[in-house]
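Note that chain A is present in both complexes that follow, paired respectively with chain B and with chain C.
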Partner chain A sequence: MAIEQFQHWYENRHIYQKDWKKRTGGKMIGFFCTYVPEEIYYAFDVLPVRILGSHELQDVTEPHIFAMFCPFCRDVLAQGLKGKYNYLDGITIGQSCIHLRQAYTSWDQHLNPGWSHYLPMPSHVQSPSSVPFLKGEFELLIKKLETLTGKTITDADLEKGIEIMNQVRQTMKKIYEFRKQENPPITGEEAMYMTCSQFFTDAREWLPVAKQVLKELETRKLDRDPGKRLMLVGSENDDIAFINMVEHLGETEAVGATIVIEEHCTTTRYFWDETQEKTDDPLKAIAARYVARTPCPSKDWPKRTRLDRILKFAKDFNVDGAIVLQQKFCDPHEADIPFVKQALEKAGVPTYFLEFDVTTPVGPFSIRVEAFLETLETEDDLFD
Partner chain B sequence: MTDKNNQELWRWTESNWANPDINFKKAKYITAGIDVGSVSSQAVVMADGEMLAYGNMRTGSDSPNSARNALNFALKELGADESIINYCIGTGYGRVNVPMADRTLTEIACHARGANYIYGSEVRTVLDVGGQDIKAIKCDEKGKVSNFLMNDKCAAGTGRGMEVFSDLVGVSINEVGDRSLDVEKEPEPVSSTCVVYAKTEATGLLRAGWSTEQVLAAYCRAMAGRIFELIEKIGIEKGFAVTGGMAKNRGVMERLMPMVKLDFMKTKWDTQLAGAAGAALFGNALCKKGKGRKK
Partner chain C sequence: MAKYPTEQLKCWSKAKELREEFYKNFAQAKDKGGLRWMGSAWAFDAVPSGLGEDVYCVTGEPYGATCAFDRPLSQKFLNASANYGFARDLCAYMRNYWGSILCNKYALGGKFPKADFSWSQHICCSHAKWYQNACELEGGVPLYCVDVGAGAYPPFEPEMYAHRIKYVSDQLLEGIEWLQKVTGREFNDELFAKAAWNDIRSTYKWAQICMLNRATPAPLDEKSIYSFYVFGTLQKSNKAFADFYDELYDEVKDRVDRGIAAVPNEQKRIMTDTQPPWGFLKIYRYMEEWGVVSIGSLYTFGLEGMWLYDDEKHEFTPRPMPEQKPRTREEICTMLADWHLSKPEYQHFYHPEYKTKMMDSIAKNWKTDGIILHYNRGCEGLSVGIAENRLGLIERGNKVMAYEGNMGDANEFDEAATIKRLDIFMESLGLSKPA
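Right, the complex of A and B next:
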């Protein structure tokens, strides 16, 4: 089954990436946040790969990161400090929050990545001046990429980059359509492997597999009771152990669940919005895409535009409840959570809050999720 | 440390009981609820939804054995064996390891249902202070959960924290609450976010000349504050009941009461039994509806 390839890539990201460099001789840049314009990197034939944590305990980041910064930024920096990414040709970040920026700056300062670029992605994306500002910053990025590659690019190259990323986004959205089914032929765990494996691989190699998966899903039937339909909303999350626990509860307990949609920067916030193709000014089109995409809450003000997207997902994917989660100390999400909970509950979607760390406390979390599922549907037979 | 009877100070008294007023042989359904918590295990046996017997013991390192021991402890007092039980529900942290359970339910559901039984149907907010977690639960007149919150990854303010403390100051856990109230002046509360820091602070207070009672007062007040944070978050409604071992600690409860600004409900039952009682009642309802054990 092609779908298994996503998990294989997720679990073997370093093997794939080292092999890619060997096979192609190409340059590879690690990125820290989804506000990095991958279109421009593909235009240069440079491979952008996202750096996520490994969900393993570590003891190398304490001298570099303030204790009350989030576990995700530490886990990311730990990957660099432990030498797991020594094969990269450089690193980059698009400004989102200061926690992840600290991971980037520490990496840049201590690991000599060769090439690095800090992209000052505007925080006030609701300002009309954000698009021209960002386009100007992209022009500087292009100059910097010229020094990395020794190449110059044309609008046609940018259009090629846009097409690659749009194909990824369209394919992911088509796969997500299957999750709307009563018994989805793809689990939340598999969907998470699908989106994250694209971060780690060359989109041009990921796409044929994803298209094959689309075909497979047309006839695929999963021999499991989907249980309650859950949405996950919140901070960065690729916590497979947690998703796996939720989706296997039904095997041993009276209640079970399937994650049918998420609103995370590892999933829909990353891929849902496309870049306009074939315009007079492709660089401006890319800038417009990153300014208008579903924002990280660090940028979603003064209006909270994410809420509309979240409510639409809840309706379109017919969710029974939502787990609102936050990486411990993730301030942007922490500030948003009361509004997210309020909006969902007003729309009739019950919510439950969980605070995430590098590893999942599976036992304590399973009790909470199970009890939440019990509140979604009380068994009337249990009461006189 | 141990007391004069060689009993470790942190070790609370285990107990069992059988109802002399019920002839279980005449009951239609005998159901059991077994709540294997992180610190204590309870088995409640009910006859047609009425308390028939219970056993309340410390949880050992082995969940299946803890469940079996608690049930045998209850049945021993009744003079019966496991074969009388028509249906059994496992709950608590070790719920999946209750060997005789027909099914499991979370302790959240069971505590709400159990509080409804031991305190009455007026209960709307249940606070369960267990061995390693605190739960604040909202429920309806039937004991159905509508919302709940639990503390995160920290044992401060829980039963286990109190056990550690009783050992540190050398006072039996059964006396901690009363002795903490025997003070005229209290030091500031100790750390409410970490048992280990609280211990360090307490050692400092003892060295500074505060009496054992005063240090106990500082810890009980810190625990009350910690517990209050959680119930304040969920929103307190009239009909406030406390379950779990901490409900028996007057030192914490009497400091919590003015914060909650509500009268605590009273019960004749051991508050540690709520989870197991709720489980046994769910079993009784299932049997009555023909959803009991498949023969």
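Right, the complex of A and C next:
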């Protein structure tokens, strides 16, 4: 099954990336946040790969990052400090939360591979001033990429980059459509492997596999009871062990569940919105896309626009409940969570809150999730 | 044993009066038919001044610090915020502020005065979210925030790119239209121009005052500096505050000329970093008993004071005022944008190395013997990169001590352990515990 390739890429990201460099002789840039315009990197034929954590305990970041900052940023920096990415040609970040910036700046300071770029992505994305500002920043980025590659690019190159990334987004959305089915032919775990593996691979090599998966999903039947339909909402999350635990509860307990949709920067916040193609000004179109995409909560003001998307997902994917999760110390999400919970509950979607760290306490969390699922089973009040 | 003469600051009571009046004005704004707004200490506060002379503000950071100073009251506010569902590791000023709204209690007496609108800025993840939530908790107050995360200022970037200044100035211009819409008032450019110039005056003069603390003995200690720097955080465009800084400058200059010390037994000089634990300022007095004066910090100098760092000379000096006053609304917005984007306390948001350089320059030019870093659990914005600052300062030959605490949540400060740590650090500077 083609779908298994996603897990293989996810688990063997370094082998793939080293091999890609060997095969193509191309440049590879590690990026720290989904506010990096991958379209522009593809226009230069430079491969952008996202740096995620490893979900392994580590003891190398303490001198570099104050312990009250999120476990994800420390896990990301640990990958660099442990030498796992010593094959990169450069690193970059699109300005988002200040926690992840620390991972980037420490990496830049101690492990700079020779090229680095800090992109001041605007936070006032609801202001009309954001698009021209971001376009100006993209122009600076392009100059910097010219120094890395020795190349110049044209609008046609930018259109090529837009097309590649849009195809990725369209394909992911088509795969997500299958998750709306009563018994989805793809689990939440598989969907997470699908989205995250794209971060680690060349989109031009990922796409044929994803298109094959699309075909296979048309006839695929999973021999499992989907149980309750859950949505995950919150911080960066690629905690496969947690998702696996949730989706296997039904094998041992009275209630089971399937994750049918997420609102994370590893999934829908990353890919749901496309860039307009074939405009007079492709750079402006790319800027407009990053300004208009579902925002990280750090950029979601004055109006809290995320809520509309979350509520639409809840309805479209027919969810029974939502697990609102955050990386420990994740301030942007912490500031939103009471309002996200209120909005979901007002819409009749029960919620449960969990705080994530580098590793998940699967045992205690399984008891908590199981208890949550049991509350979804109970239609009447326990003491009626 | 006193090495130097000392005396009380003459303008101390005036500072107290000005501060009290500021908070009273906000509370009583409605009695005079005026407007109230809330926002960050870093908001471009000159802009709402264009709405009239009866427009008063409260700025959240100094308000949060005021709450934190009163520990029992602060605990109530923090509990209210936690009970609402906000995480306990969020900005402690912000939680005190939200708690104040939730308890409907103004830390300076009476009910919490509801603002007519919120006018703020955004650079750390919490700034705009603070007022987004405050507006919601107050039942739907209109909000406008200016994003100042437009990149570092030279010399940390090769140049100040025009599109970056334009991004901020355009938001200010949009904000003026928004202010007229939500208040129904016409914007007065003349009032705006005056307020903007007061902003430039006060932030420039504050840096000049801090420069005077290069003298030995230091004319000001940091605990006193906290009482004065606050005016820049309350409302830097306020004429009374700008005038007060002129007076303060003259008095501090006179102290330098006459060799008047803040700490009469000054033996060692230290600098600090980030906000202090406001409920425990006595640690500064404790250090004075050892003969240690804290001459200030990048935080107290550069939170509102305007400086430029010279990479070649490794110098940190006040940024010269603009040569001429701006004439049009557009010119004023451009001037304010450019002026504030150079704020020293904005630069570390882009890279800790920038802050390390400025801190090391202060350490060398203000002749400090050691640096005390507050790993402040209450403010992610000013503690971002602090661990790298520690490493960088040590590499540059500074003696550095770190302690963990929280500026606005007393639950996260271990007083006994911090005192113990201070004892060891001061001994390492060659001092002996006072009898």
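Going forward, the second predicted complex is superposed on the first by the 378 of 384 C-alpha atoms of A that agree within 3 Å, B and C clash if a C-alpha of one lies under 4 Å from a C-alpha of the other, contacts with A are read in each partner's own complex, and residues count from 1 in each chain.
Here is the rule we go by: a residue touches a chain if its C-beta (ideal position, glycine included) is under 8 Å from a C-beta of that chain, and two chains touch if they have at least 3 such contacts.
Computed from a prediction, not measured in an experiment: that's the story for all the values here.
Student: Which of the two partners, first being chain B and second being chain C, lies in contact with A:371: first, second, both, or neither?
Tutor: So A:371 only meets chain B here.
Student: So, A:363: does it touch chain B (first), chain C (second), both, or neither?
Tutor: first
Student: On chain A, which partner touches more residues: chain B or chain C?
Tutor: Comparing touch counts on chain A for chain B and chain C gives C.
Student: Taking the superposition as given, does A:83 touch the first partner, chain B, the second, chain C, both, or neither?
Tutor: In the superposition, A:83 contacts neither chain B nor chain C.
Student: Scan A:254 for contacts with chain B and chain C and give back first, second, both or neither.
Tutor: first
Student: With both complexes superposed on chain A, which partner does A:208 reach: first (chain B), second (chain C), both or neither?
Tutor: Neither: A:208 stays clear of chain B and chain C.
Student: Looking at the overlay, does A:114 come into contact with chain B only (first), chain C only (second), both, or neither?
Tutor: neither
Student: Taking the two structures together, which residues of chain A meet both chain B and chain C?
Tutor: Shared contact residues on chain A (touching chain B in one complex, chain C in the other): none at all.
Student: Using the touch definition up top, name the residues of chain A that touch chain B in the complex.
Tutor: By the definition above, chain A touches chain B via 252-254, 355, 357, 361, 363-364, 367-368, 370-371, 374-375, 378, 381-384.
Student: List the residues on chain C that touch chain A in their complex, please.
Tutor: Residues in contact with chain A: 84-87, 89-91, 122, 124-126, 128-130, 132-133, 135-136, 143-147, 149-151, 161, 163-164, 166-167, 170-171, 174, 349-353, 375, 377, 380-381, 383-388, 391.
Student: Can you tell me which positions in chain B touch chain A when the two form their complex?
Tutor: Result: residues 49, 93, 96, 103-109, 113, 133, 142-148, 150, 152-153, 282, 285-286, 288-289, 291 of chain B touch chain A.
Student: Would you pull the chain A residues touching chain C in the complex into a rising list?
Tutor: Residues 62-66, 68-69, 95, 97-99, 101-102, 105-106, 108-109, 118, 120, 122-124, 127-130, 132-133, 136-137, 140, 297-298, 301-302, 304, 328-329, 331-332, 334-339, 341 of chain A touch chain C in their complex.
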